[in-house]
Amino acid sequence: MAHEFKYFEDFEIGDIEIEKTASRTITESDMVFHSMHSGDWMPHHNDEEWCKTQPFKTRIAHGNLSFCVGTGLIVMASDMNPNVMSYGYDKLRYPHPVIPGDTLTASVKVIDKKDHPKRKTHGLMTHGETVTNQKGEVVCYAEHVFYTLRRTPLD
Amino acid sequence: MAHEFKYFEDFEIGDIEIEKTASRTITESDMVFHSMHSGDWMPHHNDEEWCKTQPFKTRIAHGNLSFCVGTGLIVMASDMNPNVMSYGYDKLRYPHPVIPGDTLTASVKVIDKKDHPKRKTHGLMTHGETVTNQKGEVVCYAEHVFYTLRRTPLD
Amino acid sequence: MAHEFKYFEDFEIGDIEIEKTASRTITESDMVFHSMHSGDWMPHHNDEEWCKTQPFKTRIAHGNLSFCVGTGLIVMASDMNPNVMSYGYDKLRYPHPVIPGDTLTASVKVIDKKDHPKRKTHGLMTHGETVTNQKGEVVCYAEHVFYTLRRTPLD
Amino acid sequence: MAHEFKYFEDFEIGDIEIEKTASRTITESDMVFHSMHSGDWMPHHNDEEWCKTQPFKTRIAHGNLSFCVGTGLIVMASDMNPNVMSYGYDKLRYPHPVIPGDTLTASVKVIDKKDHPKRKTHGLMTHGETVTNQKGEVVCYAEHVFYTLRRTPLD
Amino acid sequence: MAHEFKYFEDFEIGDIEIEKTASRTITESDMVFHSMHSGDWMPHHNDEEWCKTQPFKTRIAHGNLSFCVGTGLIVMASDMNPNVMSYGYDKLRYPHPVIPGDTLTASVKVIDKKDHPKRKTHGLMTHGETVTNQKGEVVCYAEHVFYTLRRTPLD
Amino acid sequence: MAHEFKYFEDFEIGDIEIEKTASRTITESDMVFHSMHSGDWMPHHNDEEWCKTQPFKTRIAHGNLSFCVGTGLIVMASDMNPNVMSYGYDKLRYPHPVIPGDTLTASVKVIDKKDHPKRKTHGLMTHGETVTNQKGEVVCYAEHVFYTLRRTPLD
């Protein structure tokens, strides 16, 4: 993995960190694998007969699947920056369902920067991570906060 | 899956929805499966030599793994309530790392209720989902918002 | 996992223990997983060209797949009863083949009770486990014997 | 897969069909994979903390795992005989638990032959399938009944 | 696994070691597994939208998938010969792409024998391993060299 | 996936294309997964009891596992170059065994260039792909030939 050493000061709100990752077509296998891995066998994802009676008509992927796959696409498109560490997510939404055959692509933009409540050596920098399908519909949106080293600590 | 039909009015802030799910011991396999499934092969999870040089000393699980496994544990401990639909998460944190051999358990509590900004038929009800390890340390905390049918619509 | 503490005396022949578990649609992935996991790559499950020449015309799932999936559906619909322990199966049949797209559901009924040949503290209680597809055809039937604690030992 | 064409008349009670299959060491991965595939996340197989409080002290494999792996070992050691078709199992027992590191081997012996209740063209021939660990302890025993073509139909 | 003990002297160039293994139908699952296992998520295998713009029009399997599956088919059709040890491959080609639904079969022929450059106790014997699809098109061809014990060492 | 458009003329013998990919620690899970995926359950990889009697003393990974993982590490460290297409491998060797806990890293160097026997628009350019473990021992070496577009066709 290539390394980059960007500091808190190097990120600007509005920066496009990744315009477009590689894309991945979601398959029925991915859905089964996600159910298996998580243990989440909710009928929305695994019971075709019940799904036929629902507005969405067929099995839809777990929101978390889009989240995990989107995360992987972003990781594969990123260099490793030892100056940042994941702090958590402030928002996670699944605006549009995913079905087998949908092809997902992610993009990343800097959407927020703020001081860390306690540490002067680090700031909190937020990535807006958007995962879209082949029609451009957003299937997952996450606000990913990073604990980020400052080049120059606050005093 | 058993069904229950609780309405927005039936949830009270502070209610313990699930006190303790079943528990699941995380294995090295789960970590490899998560890397495989997501495509996230970050060295923190998969490069033991590099990890030895880091403060955490050994490979640690993906935060998303704790999130997905915690979600599965909760689903397996829940009845299906057709009156609620996942709206997203307002906060997601991984306060403590997970390593193979850790045993995770989840609990769920109602932590918030508010009107839906537009719909009079539904409210937004939030679950605080906490995943702890065998020592009681919190490894994942998620605020899961549900779009929830009201028994009686607002007027 | 919730617990229940039913004793041998609490089970009656004819009792419906589980009327209907959740359902799970079997996919081609499940069939491939089962071949991979077991190492059973018989042409009935994995060689479409050969299957075309057979009465069943296409790849059919392993009987053991229906058995394992049925067992999982039952486990997910059950509370854990520390008073019972699996003793084995007295009959296992696969009356109808399963193909991808079939949706399986299980039910459980008490079909037999008898003294344990040696132990006065336990009896043998048998569940009839039936797995059906979306048309109601039985795809797996198992007689599952449980070594079950008596509230009051025989004297 | 090589073919053989043995008929009902060719099997003798007491025949050793397979003396010793290849062996397979069971791993923690196999156990996780079996839980994932079946959806059976019972604490006996997946909750190390709870298992420590039990007589068996550590996570033990699903009985069905030994059954599926044993079946695969037998299939890999067999030629395909188009004259036999699985009819089901008349007994299935798991006398000894399996833990990661155990190495399983199977053997097969003809233990019963009888007329089919209705068909004169076929008989019912039963294999005793025994799966043992590296110490020779039996971990799975199955009586596998085959619907078997007669060279000469009964009249 | 059955054993055979053929020596270097027992192999003749032109010998058909395996005429036809069992066959295996490749599925979309196999393709996803291979991407997951290897970490090779190239768009040729996983991005349907991009593939539509390419000459091959749809996702095609990794060449290495055909190689691995072909190897497995050969292993399952072989007895174990402790006198041979894999030395490597001298050629590996993927002349024809594989898509889900293709059914692969392998065959093995002795294509070369030569002295080992240093050891008098062993020779180098080469298998031509051919994997074909259901139309007879070659999808993988490998020249597999084996370090092979001589019955009588050279002097 | 980022794109680069290097032509045949842009590659020089001796060029280091990738000095060091990310690293991946091989686990027992990876070995089980490779057996499952390929169907290659040779005792060298899966029978610990037999392995104890062999010079290598414990289960060793499939050579093809190192090859597939090495390929994935290279793909993840590469931009996509639409001007090159895999033509096959001219040599594949597994000089050193891999056991769980080994950490693999790959590197890529241009080792050969030659005219295509028939096409004037393309040349054949060969990558030497080396996969090493944490001690620097080579566990897989492959000569990967690419059919590569010339900027200026030969006349």
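Each chain carries a letter (A, B, C, D, E and F) given by its place in the written order, and its residues are counted from 1.
By our rule, a contact is a pair of C-beta atoms (placed from the backbone, for glycine too) under 8 Å apart; a residue touches a chain by one contact, two chains touch by 3 or more.
Source: prediction; values computed, not measured.
J.: Measuring between Cα centroids, which chain is at the maximum distance from chain D?
T.: Chain centre farthest from chain D's centre: A.
J.: To bring chain A onto chain F by a C-alpha fit, how many degrees must it turn, rounded to the nearest 5?
T.: 180
J.: C-F or A-E: which has the larger count of contacting C-beta pairs?
T.: Higher contact count goes to A-E.
J.: What is the chain whose Cα centroid lies farthest from the Cα centroid of chain F?
T.: C
J.: Taking each chain's centre as the mean position of its Cα atoms, how many Å separate chain A from chain D?
T.: 44
J.: Hey, how far is the Cα centre of chain A from the one of chain C, in Å?
T.: 39
J.: Roughly how far is chain B from chain C, centre to centre by C-alpha average, rounded to an integer in Å?
T.: From the centre of chain B to the centre of chain C is 30 Å.
J.: Provide the list of chain D residues touching at least two other chains, using ranges where the numbers run on.
T.: In chain D, 1, 22, 24, 28-30, 33, 36-37, 39, 41, 43, 76 touch at least two other chains.
J.: For the complex, give me every residue of chain F touching chain D.
T.: Touch list, chain F to chain D: 28-29, 32-33, 36, 41, 43, 46-50, 59.
J.: Quick check: in the complex, which residue numbers of chain D touch chain F?
T.: Checking each residue of chain D against chain F gives 22-25, 27-30, 33, 76, 101, 103, 134.
J.: What residues on chain B touch chain A, complex-wise?
T.: Its residues touching chain A are 1, 24, 30, 33-34, 37-43, 63-64, 67-69, 71-73, 75-76, 80, 86-94.
J.: Across the complex, what residues on chain D touch chain A?
T.: Those in contact with chain A are residues 36-37, 39, 41.
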